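Given below, in the form of structure tokens, are the structures.
What follows is a pair of complexes built around chain A, which joins chain B in one and chain C in the other.
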Partner chain A sequence: MAITEVERRRGQLAALSIAAVVIIVGVPLWWRTTETYRAWLPVSQIKDLAKLQLHLSADVEVVFALDGDLLVQFIILRLQNMKPARYETKYRTATIMEEDALKKPTAAEADLSLHMLSESPCGSLVVYVIPESSSLLPEDVNVYIGQRRTALVRISAQMRVGKTLEQLLAQLEPRIKQVLQVMSFSHTDITVALSDRVRFRPGNKESIADSMRAFKSSPGYEITFSLLNPDPKSHQLHWDIEGAVQTYIQPLLTKLSPLANFSIDSQTLYYTMLGVTPRFDSSLEAYTLNADSLAHVINPVEARLGSNAASSNPVLNFLLYVPDIRHSPLYIHDHRKQEVPSNAFHSPRWGGIMVYNVNGFYGSETEFPVHVNINMAKVMGVFLAQLRLLLGVQSLSPPPGFLVAPCGSTGLADWELDRLMWSRSVENIATATTTITSLAQLLDQIGNIVINDNIAQQVSSAVTSLQLAMAELEVGNLGFALQYSKEAILASEKAFFDPSLLHLLYFPDDQKFAIYIPLFLPMCVPILLSMLKIVSEVRPLKVQIGL
Partner chain B sequence: MKILTLLGLLSACFLANSINIEVCTSRFWFNYRHVANTLSVYRSVKRLGIPDSHIVLMLADDMACNHRNPKPATVFSHKNMELNVYGDDVEVDYRGYEVTVENFLRVLTGRLPPSTPRSKRLLSDDRSNILIYLTGHGGNGFLKFQDSEEISNVELADAFEQMWQKRRYNELLFIIDTCQGASMYERFYSPNIMALASSQVGEDSLSHQPDLAIGVHLMDRYTFYMLEFLEDIHPASKTNMNDLFKVCPKSQCVSTPGHRTDLFLRDPGSVLITDFFGSVRKVELTMDAINLTDPIKQMEENPVNGEEQKEVYSYADQLPVSEIIHQKPKQKDWHPPDGFILGLWTLILLVFFKTYGIKHLKHIF
Partner chain C sequence: MAEPKFRVCLCMFWAVCPKDDFQEELVIRPLHSGDIYASFQFRTLWDTDFMRENKVSHYRLFPKSLGQVISKFSVRELHISFTQGYWRTMQWGQPFIPSPPGAELWVWFQDSVTDVDATWKELTNVLSGIFCASLNFIDSTNTVQPSASFKPLGIGNVTDHSFLRYATLPREIVCTENLTPWKKLLPCGSKAGLAVLLKSEKLFHSSFHSQAVHIRSVCQDWQCKTTSWELRQTVNSVFDLHNSGQAKREWSLFKMFSRTLTEACPLASSSKLYIDITDNPQGEQFELSPATSLLSQAVVLGDRRTFSVYDLTQETTFGSVRSLNLLIRWKSNEGEMLRPLLHAERYVAGYGLQTGEIHTLMYNNHPYRSFPVLLLDSVPWYLRLYIHTLSVTSKGKDNKPSYIHYEPSKDRVKPHLLEMLIQLPPNSVTEVTVQFERALLKWTEYPPDPNHGFYVGSSVISSLVPSTVAMDTNSTRERPLFSSFFPCKEESSYFVRIYTEPLLVNLPTPDFSMPYNVICLTCTVVAVGYGSLYNLLTRSFQIEEPNPGLAKRIANVIRKMRGVPPL
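And now, the complex of A and B:
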């Protein structure tokens, strides 16, 4: 009987040791080998970013060029009423050279010579206060907004008389605030740019239209110019598109290069009609397209336009349509049946179409096809205006008493560029923050997704860039802020849209059981049964001993 | 409530474009009707103005050029071959074996490899209204792809949530024509989704009518009646979603179509069909033009100095003909004899030893 006792002891030891190995070695091994690899993500920093405390600041310099003995000391004031933005305002008197510049005959020349003296950095503004006796501005205009980053404010007579410095400043403050609203960012701009995160409550119709019209911020854009010639038998069109792009469009795009990359191409399409039949208006002896039918023009034409298959950047299409001889001349009428002077229309987030009539270039007795040289300056003028609108340069009407200088040959004033840069930076920061926080949330929720090292690295670099961008915005370095925000958005998009994040999305519970049971049950059953047998043997022994 | 209606109104003005994804998930000739379903919807939305660049069409099998098609290059949706929905203007983005669950989810979430062309991507933004039409064989909580894999309703709901997080849609209309289709939209939880299905859980969606010449069923009932409804819509019509919900009642469809609108912000009665099925762009008149006075710069001619050489590109040799013609015969490596030869020898040896006795074996080995 001792042998069976030994045998039984051995059996029990064997069962116990197998169970021990399974539990101590097997279970951790199984756990480690079926774990998904998840690299570490800076989750706490992401949570901090999600609060999105943006502080914008801009440098404003107010220069007094008044005659008389107004001594202004160097004061730094803060206008704290527009959260989350603030303006660092400095006041000083004008230098001799600036006073000379301000004595030029017209405001435009004064602007130019002031610009020669000193170039204001990106994002800052200089406001010159000139006496009411100055003849730079016409009678009813009190403020002149220049092409670069300067504005001229003329004080009215009653402001000067017998006032102390503080009272004068208090009088000027609303005027300066108005200037800042026009030339620099405003609360509405920032809210619109943040509309990705904050559901937008529209202020007025203009701001809705502006926000819907511009393309969303993207690292690059494709611009395509197309010439549509539905009637090549009658018109042989020639347009010097390369030269026109180089002369008229490229300067604007070069100026906008901190914002995005642009690539331009052009094409000519034959036998492409507009999808809408124009109506003949006998009073004008011309064909008309009214504003309501314009919406149906775009889709049939779009099917014919090609696009660059390689990039997924947004495309801006600019079409120049020369009507066929049977429907010439063709004019676009607005809702009040008035002719639109530019003869063009644009569609938000798509592009623009211009109708160019060539019937004036030839008489009725010429032989066809007629060779026509298109006047590219006129065409590009319209396209440039449309391009500005589509890229987000706002078309606000300035307050009364303001005169805004027409934008220069590049098509964009410096302060307009600054406004674009501000709204772009804020939009980029908002979008990148949303992307990173939703990525973190997603990876947290779905525990099965593998997080590779490269994704973790992209996320970390996005977080760093975001923090840097917000810091730069707070200080007022607009150029650097924009650059960091672009890096942040690139890194965050790359991390979010990484193809490797698709795997292992969902395993239903019944499938998990179906996989594990055939593997582990046959192994576990003998172990469990032998454990139970041991327990049932030990218990009567214990009872015996206890008794 | 007021805020909701205001937000709803804003959603209406926010529309910038419509994008469609149409997926047929079934393979094999007898699933002709699923391809015809998808192509009919494709044809309707193109008629209502959506360009190909805004449609992602996925067909799991090629019916038009199938060997069993008695009328090649056509796909008919009505018996007596009245309407060829294949036409000559079809652009299929994902065809055949490219239609997989993984590719479908990649298109939805945007996680495609960087080399994917534009036509295969879903290029939507936060102003796009997306219509997703799925058809094929389905069950309670899943949709079968290619007869070998399935997508579950939870995965679909998660994919939509990822789209919402990344602001890839403004509003989404989900239409599914499969058996037990309503189970596929049960698990949605992202806002602004409206869903329609051809049958409830536990019911089968039935096909419409067979064509005796082609030999298969041509369309499913729900899509057939939906298409009849869409034929009456033109780009400027004002029909709304409530009419779409009434399409194909039980008397015609045998199954009970269902819909789900609780996640949708706007009232379905105010949603136009053309918001999803057609595409009407907002247009503004250009009031200003910039006065450009500089003359056009003449493009410089190529510099005369020969330093700047234009890089000459050429194709890599596609078929190295010269190598083929002039090559020496390759030294062929020795391979062990083929199975047939081996088997033959074994047979011969066996027969020999059977006949003459096993004792002769020692002479061999």
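And now, the complex of A and C:
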């Protein structure tokens, strides 16, 4: 009896120790060898980012160039009651040199000399308040917006007369707000920039169209000018694209270079037809393209344009179409059946097409082919306007009483660039945050994805850049904010599109079981059975002892 | 003569001379077998420098996509060809531009490129996108750096072959999707000029079809002070007598291409159609209609050939019907083709799935001259060459190569490269044999349908063959395009490149459900072993008392009923 008892105990011990070995050595070993490598990700920071709480602030200096004693009080008070939510406003009186500058005969000259005095940093604005007596502005103009980051505001006479400080400021406030709306970021700009993240309901159709038209923010753009000559037998076209690009496009792009890298090329394509046949309008003795059919024009042309082999940046296409002799002249009609004066149209986020008629070159006895030297000034004027639209430089109509200085040779005022930089930084931050959060979500949901160290590193650098960009936006350093937001977008895209994420993605659970079961079933069933047996033997023992 | 004058007045008109020039050409050679050989060449010349500081970005005739490739990847020379079918040198003679079956790509990079391998990888990916081909399958396992066989065809005497990459994909199938992007590179597309004939439904119905793009820089004048970039696009095809020609020895443009010619490409400075009538000086073999009085002679591939020329830029070429449908009607099918001086063939010998032997035969048909050839072999790593078995024999005697360059393979990293300079004795067959062993691949390395076999690319034989007539060494003189592809350095010989057949080798292929079976089997074995061990360890053993017999049990039952103690 004792011997059998010893035997039984030995068996139980053996079963227990085998189970222990399986649990202590086998399970961890199996776990370690089949585990996918997942580097640490800053999940909590990403969750914080996902809330996307942006604080934008712009430095605004209001400079008073008024005479009188009131001003001294202004500065001492530094009133806190007029505090636009996102503008850091400072008040001061004009320096002597600024006073001198403001005495120039015209506003444009004053603007220039003020610019020479001090260059205000990216994103900031200076508003000069000038007395009514100043001869800088024409009669009906109260606000002048310069080419740089300055604006001149004139206070009317009745505003000044015998009012207290508070009243005067209260009267000035809406005017300054208006100025800021024009020259710096506005609520709509920011909502448009965030449209990917935030579903926004724009008030009217116009603003939808505006928001859809501009290209998404990207670190670089390829601009391609194509001359389409469907009829090389009759037309021998020559365009001095190289010179035209240097004269018209390059200044604008140089100005925009902080935003993105641009590269320009051009090509000539022969025998390229539009997708629709123009209709002959006998009243005009011309062929017409309706606004409705314009949507179908691009597709067949696009097959010939070719993609850019050297980069993956978005391409802006500008096509100059010279209609063939049998469909000439050709005019584009808008929805109201009116001729479009520029004879051009643009396609949102794609580019623009201009039709260039050469029927003026046909004489009665012209010998074909006709040599045509294309007037590049006319063409580039249209393309430049389209380029501004597609890059998101909105030309909004200023409120009444405002005079906006015509942009100079660069084609872009400093404050316009600032506006663009504001919305681009916000858009970049939004896009990078979306990419990073969706990557984090994806990695969280699918446990099979391997996270290598380089991806973790990219993710953390994207997160760091995002945090830096947001911090810079908060203190109003626009240039740095844009720089960091670009870095964030690059790092986040690199992490998101890394091919190593796909390696083990397809490893379904049923196949895993099919491989494990032949090994695990015969090994675990005996262990489990003997465990059950031991338990059932121990339990009656306990019951006996308890009794 | 009128042409230069015209150019001058253009220059005055534009104030800038047009810096690019486009030419197109079609050569038709009736073959003695009754087949017909058509060779298209389109050449765009552009006086520009892609390697300038500020990049070239304004394109007119030169395609933008290729220009971007050249400047982005710092390409010195690029040659790419897609071929369906095998060129039968013995029946058809030499092609104007040779190409191996499948896809072939060789590129010389500028010496400014620092990481050639990475650039090459990226370039192949971009090209596979441009030509819709599987060039992205080119990797280190099928790329070699030939030391002597592929010299630059343009200017520049580069000898550092670390800037050269060569790869072939013998399994590549060529079809419409490759032809369409190729046609898009032409200035006139397929809308005008000779390219209207390139209709895929006829072209791919031929017994040989090859399309190629060659980019190189060439001299502008004989002093070579300035250079220009040359883009040559070629299509070579052979239409079969029985397949495309309904076994009638009568060919026309319409029968070949199902189109006729109506105009030249208006952008082309020259647009010509050449018919090879060398074997037919008096019209006794075949007749041409419409006839042309324009004749031209050219020295091509070591032979003086005569051609009838149709100039498509002249209105009169198209006659009153405004369409040119050239008709070639054979009168007799006698006459022998001149045997090509050099040709080659290759096959795999041996049996079983373990070892084998590659045989390459090179024929020198010259009656009294011997000449050297360069043989290039690039063999994938899964055929492990036994290089000590390499033997070269001519006329039964050992023929020692004067130069051997051999790079052994590395498993899954790089292929074998074997280059040899062999002197071929006159009127002889030289046989190169080498034995190999077939490797076992990992089960994920097998391509789809592995039982079809594995392709081994063609051997490349490059040679300077002695010429019977004096070659034209002036590279800048105005010549027909087909005779100006390979530069000619001396008068007495001409350059020939020959590709042998690709090989199809069977490798041992496993049963692909095997891994799972193996898992199941080993697991079962483990489970059985483990189970018995477990049993031995955990069971308690005790001596069992023998069972009482049946009678005894019955007796006990009865005794129990009676209340008597059991037995």
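Definition applied: the second predicted complex is superposed on the first by the 458 of 547 C-alpha atoms of A that agree within 3 Å, B and C clash if a C-alpha of one lies under 4 Å from a C-alpha of the other, contacts with A are read in each partner's own complex, and residues count from 1 in each chain.
In this text, a contact is a pair of C-beta atoms (placed from the backbone, for glycine too) under 8 Å apart; a residue touches a chain by one contact, two chains touch by 3 or more.
From a predicted model like this one, the values you see are computed outputs, not experimental measurements.
Once the two complexes are overlaid on the shared chain, A:348 sits against chain B while remaining clear of chain C. Applying the stated contact rule after C-alpha superposition, one finds that A:213 touches chain B and leaves chain C untouched.
With both structures placed on the common chain, the touch criterion links A:376 to chain B but leaves chain C unconnected.
In the superposition on chain A, A:44 makes contact with neither chain B nor chain C. Of the two partner chains, chain B is the only one touched by A:496; chain C is not. In the superposed pair of complexes, A:310 makes contact with chain B and with chain C alike. By the touch criterion defined above, A:33 lies against neither chain B nor chain C after alignment on the C-alpha atoms of chain A.
Touched residues of chain A, counted separately for chain B and chain C, are more numerous for B. Using the contact criterion defined above for the overlaid structures, shared-chain residue A:242 touches chain B and also reaches chain C.
Legend: residue contacts after superposition of the two complexes on their common chain; A:536 is shown touching neither chain B nor chain C. Touched by chain B in one complex and by chain C in the other are residues 242, 307-310 of chain A. For chain A in complex with chain B, the residues that touch the partner chain are 196, 199-202, 208-209, 212-213, 216, 240, 242-244, 246-248, 291, 294-296, 298-300, 302-303, 307-312, 332, 334, 340-342, 344-350, 352, 354, 376-378, 380-382, 384-386, 388-389, 395, 406-407, 409, 411, 434-435, 438, 441-442, 446, 496-499, 501-502, 505-506, 508. The touching residues of chain A, counted against chain C in their complex, run 3-4, 7-8, 10-12, 14-15, 18, 224, 232-233, 238, 241-242, 263-268, 270-271, 304, 306-310, 369, 371, 373, 514-515, 518-519, 521-523, 526-527, 530. Residues of chain B that touch chain A in their complex: 6-7, 10, 13-14, 16-17, 49-53, 102, 105-106, 109-113, 117-119, 121, 123, 125-127, 152, 154-155, 158, 162, 165-167, 235-236, 279-299.
Considering their complex, residues 13-14, 55, 57-61, 63-66, 68-69, 71-72, 126, 129-130, 184, 187-189, 191-192, 263, 266-267, 516, 519-520, 523-524, 526-528, 530-531, 534-535, 537-542 of chain C touch chain A.
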